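Okay, so subunit A shows up in both of these, paired with subunit B first and subunit C after.
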Partner chain A sequence: MERFLNRTIKEIHAALISGEVTPEQLVAEAGEQIARDRCNAYEAKALKSARRKARQLGEIKASDYLAGIPYLAKDNYSTKGVETTASSRILEGYVPLFDAEVIRRLSRHGALMVAKTTMDELAMGGTGTTGRLGATHNPYDLSRIAGGSSCGSAAAVAAGDVPYALGSDTGDSVRKPAAYTGLVGFKPTWGLVSRYGLLPFACSLDTVGWLTRCVWDSAALCRALAGRDEKDMTTLQRPKHDYIIDVETRAGGRRACYFPAVIERCSPAVQEAFNRVVEGLRKQGVTVEAYDFDTALLDAIYPTYMVISCCEATSNDAMYDGMRYGPAGSPDSKTYQEFMTSARTRGFCDLIKRRFIIGSYSLLAENQHDMFQRAQRARRVIVEALNRMFEEYDYLVLPAAPTVAPKIDELSYSWSKEPAFADNHLALANLGGMPSLTVPMGFDNGLPLGVNVTGKVLDDGGVLGFGQRIEDVTGLVNLTVGEVR
Partner chain B sequence: MEYKATIGIEIHVELKTRSKMFSAAPNTYHEAPNSQAGLVDMSMPGTLPRLNMEAVRYGIQLATALNMQVDRTLYFDRKNYFYPDLPKGYQITQQDHPIGSHGYLDLTLDDGSNFRVYVQRAHLEEDTCKQTHLADVSLEDYNRCGVPLIEIVTEPCISTAQQAAKYVEGIREIVTYLGISDGRMDEGSMRCDTNVSIAPVGSDHLGTKCEVKNLNTIQNVEAAIACEIARQQAILEAGGTVEQETRRYDEKLKQTVLMRKKTNAVDYKYFREPNLPPFDLSERFIQGAVSSMRKLPWVYRAEFAKLGLSNYEVEQLMKDKRLVDYFERCLQADPKDVKTLWSYLVVDLQSYINKSLSQLTLDNLPFAPADLVALADLVATHAINSKQAKTVMEDLVSRGVKPAQSVAEHGFEQISDSGAIQAIVDEVVAAHPEAVEDWKHGKDRILGFLVGQVLKASHGKANPSMAREMVLAKIGPMGQRP
Partner chain C sequence: MSRVSKETIEECARNLMFELSPGQAELISEEFDTLYGQLENLAAIPGVDQAEPMTFPFRRHLTDADLRADEPEQPLGAEKALANSHSKIGDQIKVPKVVAHGQVDHTEEDM
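Right, the complex of A and B next:
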C-alpha cells in the first residue's frame, strides 16, 4: 500500500487537496504504524476519536495545512477523554476533562491526534528511559536512546509514523531528541505559545515544542499555535504573524556565531559535520564567527538549570497527592500524611524523588540564599551575557549534541561532578526564554547528528528562516528510518 | 509587678468578587458543596492561574482606606505545604510585595479616647477548601477553594483587649462599607487570629507570644485576649515561663486552650509564582479603583454630625450599612427636620420591620424613602400629632398608602388658619372665666386645660402648638400663688 505519513506536512496536504488520499485513510495508516511500533513510543491511543473527527471534517482548504493530518502529542498534554499520565505511575488512569490550549488550536485547524507518546517521567530526564513503560528506543538503532524527555514523539516521527508530534522543552527536551533522531525540533520564545494544559515541569523554563521532518512544517505549526491565550497570563500579546513566509524568504539576520569551547568538546564526526554546515552558510553569504563566551558561565548552565528546575518541579508536582487523580494513597493510611506519602512513594520513580529532594532542599529558608536565589542570580548573569552576545550577532549556532545518541546500556544516572557543557548548552535558550531550533546536519555511521540555532527573544521567524538556510545547505529534508532495525 | 500586653492581629477577609482569585469559577456562599469549583480550583494538571482584577481593585480600595502605600507592581509567591485542603500543594499569596503596606487606622474607644493601630501589610491570596471533619471521615468542599482573600496584619502595637476588639470592629466596618466583603465573622467571611505577649511595665523586651486562633465574634476577640493576658500573667507571677503555643478560645470554658506547641515553625519554601508575571498596575487603574471607592465610615460620621445628629444617633445608624444607605436616600428628599426623620427611620420603621411577620426589609418596603420623609415632615411641622403619625405609619408600611392620602382619609388635617383658631380660643376663654381666674393665681395646669378645650372644640384638628401660643397670649402670664 502506498504510504503518505512518511512525507512532510506540506506534501501530505497536497495529496489531500488533490484527492490522492483521505483523512480517514491517513488515520488508518497511522493505526497500522502505531501497531508496528518497535521503539516503545506510545502511551494511550486515540484512533477512534481521530477516525470520527476525520469523517466529520469538511472540505480541506488550500491554506488548512494541518487539516486531516494525524499527529501525536507527548503524554504531558491534557487531552479530554484520553488518558494522560506524563508517563508517571502517579497519574495512571487519569482521564482529563479538558484539552490543552495547543490541542484545542490544532483541533480547530482540523488536525487529528491519533495517540499520546512516551516521555521521561513528568518530563524530567534527557534519556527517554524513565517513563512508567520503560525505555523508548531510537528507531535508527534500537540499542540507543531517542533522547528525552520527548522520546516517544521523536522516535515515532523519525520512524515515519506521522509527520509531526508535540513535545515540550524545559532544558532541551525537544531539541536534543530531534538531534538524535534526525528531526527538526523547535522551542519557541517563552510566552509565544500557551502552556495551558501542559503538565508543568518547571514553569519558568517550560515551553510547548514540536518535532517535524522539515523547517517549513515547523513554521506551519508555529503559525497555527502562536498567540495570546487569556488562560495563560504569561503569553504575549503579538500581532498575527506568518512564520511560513519567514521560512520561504529566509528571513532574519545574517550574522551568526559559535562557541569554540563547545566545538572542541564534540566528537570528530560532529565537528566535521558542523564545519560543513558553517562552510555552506558562509557560501550563502552568512557571517559565522567564533565568539568567546565565558566558560565559567557555560559551566554554570547545568547547576543553574538543575536548581531552578528542581525547585519549581517540587512545587508544581505537589498536586500529585493521590487525592483527586491517579492511584489513591494506601487505604490503610491513618493520617493524611500517610495517605499522601504512600501515593507519592509508589507513584514516582527514584530519579524524580531525587529531584524533588534537591528542589525542596534548595528552597528551605536556610538554603535559599545559597541555592535557589544564587541560581536565580546565575540565571540573570548568564542571560545578560547572552544578550550582550546578541548585540553583535543575530544567532548562536552550535552542535545540538556532542555525540550521536548514547547506548541505553551505557547510560549513567549518577550526577556528574563535572557536567559537560557541550551536552547542556541547549538549556541557554530556556534560561533566556529564547527561540531555538534543531535541524539535522549529517550522519555518523548511519546515526543522525543535529545542529542548533538560537536567536533573540521573539525572533522566532528569524530562527526558522535561519534553520531553512541550514536545511538548504545540508539538503537533509524529511529524514525517516527506512526500516526500523 | 505590673505587666503590659502587646497584641498583634491578623485578619483574613473574603472578598465579594464575582469570580475567584485565580479562576473564572463563581465566588458564592451557601451553594451545594463542590458545585462552584472549576478545573483551576481542583488543580487539574496543566491549569494555570489567572488574576482577578476585581480583587485587585478591592485590594487597592482597602489599602487606601487604611492609609497604606499601594505597590505599583503586583507580585505573587507560592507558599508550599501539603494539606488536604490545598489541592495544588501550595497557596498563591503575596509574601514579598503585599499590595498595601505601612498604613494605620485611627479609632475611638467607648470612653472617647483615641488610639492608632499601625497596619504592617495587606496582601492578596486565595482561600483553601473548606473541611468538615466527621467521626471517621473528613469532607472537602472546593467551593471555597480559590475564593479571594485579603490578609491584614497589624504591627504588634495594640495594648488592650478593648482596643483589639475595636480594631476588628473597625476593619469589619470598613470592608462592609466599602462593599468589598460581607464581613460576616459567623460565616467565616472574616476570620481573626491574634498574637498576645506580656512583659513587665518598663521592660524593653517583648515576652514570648502565643497565637490565639479562630475568633469568630468580636466579643470573643475581646474575651479571648483578656483571658490570654490573664493566663500569661498568672504564669509569670507564679514564677513560670510562657511557652510559644497556638491556642484557641473556648467559648464555654471562657478560656484559651492549647492547640499545639510551636516547636519549630513550618518552612513554607516561598518563591515567586512563575505563572503570574509581575503585573504593572497603570496609574489609571489605581485612580479608577480609588475614585470608585464607596464612602468610608468616618466620612458618614462627619456628615451626620454636621446634620445635627447626636453621637448616639449617629452610632445607631452606623450599626447597619443598609440603614445608612436608606437614610441617605431619605436625605435626598430634603427632610424638614433630620432628627425627626432619624426617629421615624431608626426607631419606628425599624421596630415595624423587626415585628413584621412578612419578610419585610429595608430593601422591599412598599413605599419610597420620600414617603417616609413626607411622614416625618408632617410631624415636624405639627401638621399631625404623634398619635396620628402612628396611624399614618401603619398605613404606609402595611399598604403603601402615601402619608398625604392617609391624613386625608382619616381626616387628620389640622386647622392651621390662625383666624379660625383665634375664634375658638376666644370662645373657650370666654366660657371659662373661673379658669382664667385660677391662672391669675398661679394654677399652672390651667394652660393645658384651656388648650385641651380648644382642641376639643376643634374636633382635634387645631394645630396644638398654635392653639397653645394663642391661649397664652389671650390669658397673659401666669400669676403668683397667693
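Right, the complex of A and C next:
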C-alpha cells in the first residue's frame, strides 16, 4: 500500500486536494503505523474519534494545510475524553473535560489527533526514559534515547508515523529531541502561543512547541497556533502573521554569530557538520562570526535553569493529591494527609521527588536569597548579556547537542557535577523567552545531528526564515528512518 | 559533612507529602553539595547579587486589553465533575477524613 504519512504536511495536503488519498485513509495508515511502534512512543490512542472527525470533514480548501492530516500530541496537553497522564502515575485515569487551546485550534483547522505520546514524567527530564511506561527509544538506534522530554513525539515523527507532533519546551524539550532524531523542532517566543490546557512544569519557562520534518511545515503550524488567547493572559497581543511567507522569502536578518567555547566542546563530527553549515550560509551572503560570550555565564545556565525550574515545578505539582485520579492512597489511611502521602509516594518516580525536594528547600524562607532568588538574579544577568549580543547580531547559531543521542545504558540521572554548557545552552532561549529552532545538519555514523538558531523575542518569522536558509544549505528535508536507511 | 542533612531532606519530603525510597536522601544530600558549589559560582559572577530577580523572560506592561471580560459561564454538571473520581457518595467526591485521628470525627454519614 502506498504510504502518505512519511511525507511532509505540504505534500500530504497536495495529495488530499488532488483526491489521491482521503482523511479516513490517512487515519487508517496512522493506526497501522502506531500498531508497529518499536520505540515505546505512545500513551493513549484516539483513533476512533479521529476516524469520526475524518468522516465529518467537508471539502478541504487549498489554504487548509492541516485539514484531514493526522498528528500526535505530547501527553501533557489536555485532551477532552482522552486520558492525559503526562507519563506520570499521579495522573493515571485523568480524563480531561476540555481541550487545550492548541488542540482546539488544530481541530478548528481540521487536523486529526490520533494519539498521545510518551514523555519524561511531567516533562521534567531530558532523556525520555523517566515516564511511567519506561524508556522511549530512538528509531535510528533503539539502544539510544530519542531525547526528552518530548521523546514520543520525536520518535514517532522520525519513524514516519505522522508528519508532525506537538511537544513542549521548558529547557530544550522539543529542540534537543529534534536534533537526536533528525527533525525540525520549534519553540516560539514565550507568550506567542497559548498554554491553556498544557499541564504546567515551570510557568516562566514553559512554551508550546512542535516537531516536523521540514521548516515550511513548522511555519504552517506557527500560523495556525500563534495568537492571543483570553484564557491564557500570558499570551501576547500580536497582529495576525503569515509565517509561511517568512519561510518562502527567507525573511529575517543576515547577521549571525556562534560561541567558540560551545563548538570546542562538541564532538569532531558535530564540529565538522557545523562548519559545513556555516560555510554554506556564508556562500548565501550571511555573515557568521565568532562571539566571545562569557564562559562564566555559560556555566551559569545549568544551575540557574535547574533551580528555577525545580522551584516552579514544586509549586505547580503540589496540586496532585490522588483524590480524584492517580494511584489512590492506601485504604488504611486514617487522615487525608496519610492518603495523599501514600498516593504521592507511589505517584512520582524518584527523580521527580529529588527535583521537588531541591525546589522546596530552595524556596524555604531561610534559603530563598541564596538559592531561588540568586538563580532569578543570575537569569537576568544571563539574559541581559544575551540581549546585548542580539544588538550586534540577528541570530545565534550553535550545534543543538554536542554529540549524537546517548545510549540508554550510559545515562546518569544525578544533578550534573559539571555545568556542561555545550549540552545545556538551548535553555538560554527559555530563560530569555526567545524563539529557537533546531534543524537537521548531518549524520555521524547514521545518527542525526542538529543545528539550532535562536533569535530576538518576537522574531519568530525571522528564525523560521533563517532555518529555511539552513535547510537550503544542507538539503536535509523530510528525514524519516526509512528514507535515511 | 554534607551541607544539607539527611534529616532536613526527610523533613522536606514529609512537607511535600511523599516518602523517599531507600538511599534517596543520601543521593539528594550529595546533589545539594554540587548545587551549593554551583550557586557559589553564580554569586561570584559580577552583578548577580545586585540584579533584580527575573520572574518572567521579558518585561510586559499589562493593560486592560490583557484582561478578559468577566462573563458568566455554565458550571460543570455533577455527572461530568464526578467522572474522574475513584469513588463518590451521591453527587459528591468521597475523600478521606480531613480531621486527624483523635480530633473531632465527622463520619461519612455526616457529610
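Convention: the second predicted complex is superposed on the first by the 482 of 485 C-alpha atoms of A that agree within 3 Å, B and C clash if a C-alpha of one lies under 4 Å from a C-alpha of the other, contacts with A are read in each partner's own complex, and residues count from 1 in each chain.
Keep in mind that, in the parts below, a residue touches a chain if its C-beta (ideal position, glycine included) is under 8 Å from a C-beta of that chain, and two chains touch if they have at least 3 such contacts.
Predicted, not measured: the structure shown is a model, and the values here were computed from it.
In the superposition on chain A, A:360 makes contact with both subunit B and subunit C.
Contacts of A:137 after superposition on the shared chain: neither subunit B nor subunit C is touched.
In the superposition on chain A, A:333 makes contact with subunit C only, while subunit B stays out of contact range. Contact with subunit C, but none with subunit B, is seen for A:304 once the two complexes are overlaid on the shared chain.
Of the two partner chains placed by superposition, subunit B and subunit C are both touched by A:324.
In the superposed model, A:432 lies in contact with subunit C only, and not with subunit B.
Contacts of A:204 after superposition on the shared chain: both subunit B and subunit C are touched. When both complexes are overlaid on chain A, the residue A:348 reaches subunit C alone and has no touch with subunit B. Judged by the touch definition given at the top, the superposed model places A:91 against subunit B, while subunit C stays out of reach. If you count the residues of subunit A touched by subunit B and by subunit C, you find the higher number for C. Under the contact criterion defined above, the residues of subunit A that touch both subunit B in one complex and subunit C in the other are 94, 97, 204, 230-231, 233, 314, 318, 323-325, 336-337, 340, 360.
Across the complex, subunit B meets subunit A through its residues 39, 42-51, 78, 80, 82-84, 87-90, 138, 267, 269-271, 274-277. The touching residues of subunit A, when paired with subunit B in their complex, are 76-78, 84, 86, 91, 94, 96-98, 100, 195-200, 202-204, 230-234, 311-312, 314-315, 317-321, 323-325, 336-337, 340, 360, 363-366, 368, 372. Against subunit A, the residues of subunit C that register as touching in their complex are 4, 8-9, 12-21, 24, 27-28, 30-32, 34-35, 38-39, 41-45, 47-58, 60, 62, 65-68, 76, 80, 83-86, 93, 95-101.
The touching residues of subunit A, when paired with subunit C in their complex, are 93-95, 97, 190-191, 204-205, 230-231, 233, 236-237, 296-297, 299-300, 302-304, 306-307, 314, 318, 323-325, 328-329, 333-341, 344-345, 347-348, 350, 353-354, 356-358, 360-361, 370-371, 373-381, 383-384, 414-417, 419, 430-434, 457.
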